[in-house]
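First chain A sits with chain B, and in the next complex the same chain sits with chain C.
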Partner chain A sequence: MNKQEFFAQLEEFMELDEGRLTGVEALDDLPWDSLAVVSFIAMADEHLELAVKPASLAEAKSVADLLALVADKLDN
Partner chain B sequence: MSESIFHGVRMVGVAAAVPDHLRTLADDAKMFGDEEVFKISESTGVKQRYTSSTLCTSDLCYAAATKLLSETGYAPETIDALIFISQGPDYILPATSCILQERLGLSQNCAAFDINLGCSGYVYGLWMVSSLIASGAVKRALLLVGDTSRHCSPEDRSVSLLFGDAGAATLLEKSDDDLPLNFVVGTDGSGANHLIIEAGHCRMPLKPENQIRVECEGGNKRSKADLYMNGAEIFAFTLRVVPPLIKKVLAGANQSIETVDAFVFHQANKFMLEHLGKRMKLPPEKLILALENVGNTSSASIPMAMVTHLRNRLQKESLNLVLAGFGVGFSWAGANMHCGPMVIPELIKVPVPSIPE
Partner chain C sequence: MLKLEKYGVCLRLIGPDDLEMVRQWRNSPEVANYMAYREHITPEMQQNWYKGVCERGDLYFIINVAGKQVGVINLKNIDFVKSESEGGIFIAEKSFQNTHITYCASLCQGDFSFEVLRLQRGIIHVLDDNKRAIRYNLSIGYKPTEEVEAGGNRLYTLEKSDYYRMSAKIKKALQI
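Our next item is the complex of A and B:
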């Protein structure tokens, strides 16, 4: 999974228009609710084999912060 | 995780009971709105559940046990042990199992005790009962499990749309057959604060101020005396623990996904169960999903799923089952056993008494 595919995953489970996310968005401006958090954990588990810590997700403020949590596992 | 194998234990029957008062998504929409309720229900898989503010867990377990004893034809005085597993006892003391011993007309020679567990409670109970029977301490035991949803704040959509009330009874006895029952159990108390009712007992006694509902994450309102659940932490915990648990149960029992007839897991929520199924590559037809009509019923969810989704098969044939409970504690237990043919009454609906004036 690369960065664009990662954004596409976020768009899918937050039900956003395709290509909407660029990375600068604040999570407060997005439908980033408890269901989205759980979807994020599932996505990281399924596609990146990464166990994301819920506490680190709770601290994330922007899409860039979410990206930073998984960056090591993404393809270039 | 601790592993154990027992022999010479047979499941005679299973029964489950709910209050006859139905709560639907239309009822929930009055509080949270159609769109929100639909979105949550799509994820949890819960479309309705049975609830009551007057029936206790013990009332539901009593109804299930009475029906089970009557359908199996077993006399109450032949029961050597009664174990009640719940987080909703009738009183702080005495143990609810003692009250149920008298109410069910069991012998005074019957051992009775309570265990405080939730999601993992049923499989833990089977482990305990199997150990008692295999050791020769008892010949026949009633395992009663369940919880009610009355500690959920009606203004907290993280819990109030998910949980339903239920009580279940399982009858087990000593058997001459030599089929093994394999168990794996474990605990991680570092997760205690992720699923908790803080106020109302010794650590935080009930006071007026901790019964005031205040706004929390996502606009949910709850008090310290209401159930709190951190869904993300619970989900991360199950991803960490359940796949290795199932692997260990299968390996210990020398079984494989192919040889197992059905995987009956604690019915936490649909999203979690489907993800776990995918992750463990379980064939969807072998993974039981039984939340739609009853919700998450805590320790009763596994016997409930057996009643609502495996009844026809278990009445006629022996099924090779993998059971697993996981959650509050954190606590978990997995088992492999052959169940059936056995007695399984239809789901019992208990009339809800009106609140006395």
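Our next item is the complex of A and C:
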């Protein structure tokens, strides 16, 4: 999974239009809800083999913060 | 006093000392704006509400996470003949809103409802414009019905089998 595919996954979790996310968005301005949180954790586990702790997600303030949590596992 | 502890949350049955805190939570715009009843709740109204809760045997719990009180979850109108009850939840503490804790509390109460009370079905009413709550409830297995109360409050039902199917996915994702 590369960065663009990661953004596409986030857009799907939040039911956003394709191409909506660029990385600078604050989560408070997005429909980032409990379901998106659980979907994110499942995606990281299944597709990136990465165990993301819920506490880490609770501290995330932006899409860039979410990206940082998985950046090491993404393809270039 | 009834306490349910599972999945990292503790659900403690609400008592008279909790009423003012819950009233303030319930009156806050972040909570009230998602409720069918949005008028200001006075201390007297809250006392009357609690009297009704006790008379009906409704179960309202304070959600505790690591010693912090963060919201309310409930089973009301418990009907052992129909084998169903109506659920509800709100997270008042901002730092816990839109986190996995909502699921942890729902699963803790859901397990209690289906495994201890041995009910077969859950119901909820959700406003048609509350997209966040609709997404959430669909994700734990609720299904919409055609029954809508005045004001757009739609009835959703949760069958036991759907709860177990969906909760298994959530538990796997959260590793709980």
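One rule holds for everything that comes next: the second predicted complex is superposed on the first by the 76 of 76 C-alpha atoms of A that agree within 3 Å, B and C clash if a C-alpha of one lies under 4 Å from a C-alpha of the other, contacts with A are read in each partner's own complex, and residues count from 1 in each chain.
Keep in mind that, in the parts below, contacts are C-beta pairs under 8 Å (C-beta built on N, C-alpha and C of every residue); 3 or more make two chains touch, one makes a residue touch a chain.
This structure is a prediction, so every number in the text was calculated from the model and none was measured.
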* To do: Based on the superposed arrangement, let me know which partner A:54 touches: chain B (first), chain C (second), both, or neither?
  => both
* Asked: Between chain B (first) and chain C (second), which, if any, makes contact with A:74: first, second, both or neither?
  -> neither
* Asked: Now for A:37: first (chain B), second (chain C), both, or neither, which partner does it touch?
  -> both
* To do: Across the two complexes, find the residues of chain A that touch chain B and also touch chain C.
  => 33-35, 37-38, 41-42, 45, 51, 54, 57-58
* To do: Write out the stretch or stretches of chain A touching chain B in their complex.
  => 33-35, 37-38, 41-42, 45-46, 51-54, 57-58
* Structure fact -> Residue positions on chain A within touch of chain C in the complex are 15, 31-39, 41-42, 45, 51, 54, 57-58
* Residue ranges of chain B in contact with chain A within the complex -> 39-40, 43, 158, 217-218, 230-233, 235-236, 239-240, 271, 275, 278-279
* Can you list the residues on chain C that touch chain A in the complex? -> 95-96, 98-103, 131-132, 135-136, 139, 169-170, 172-175
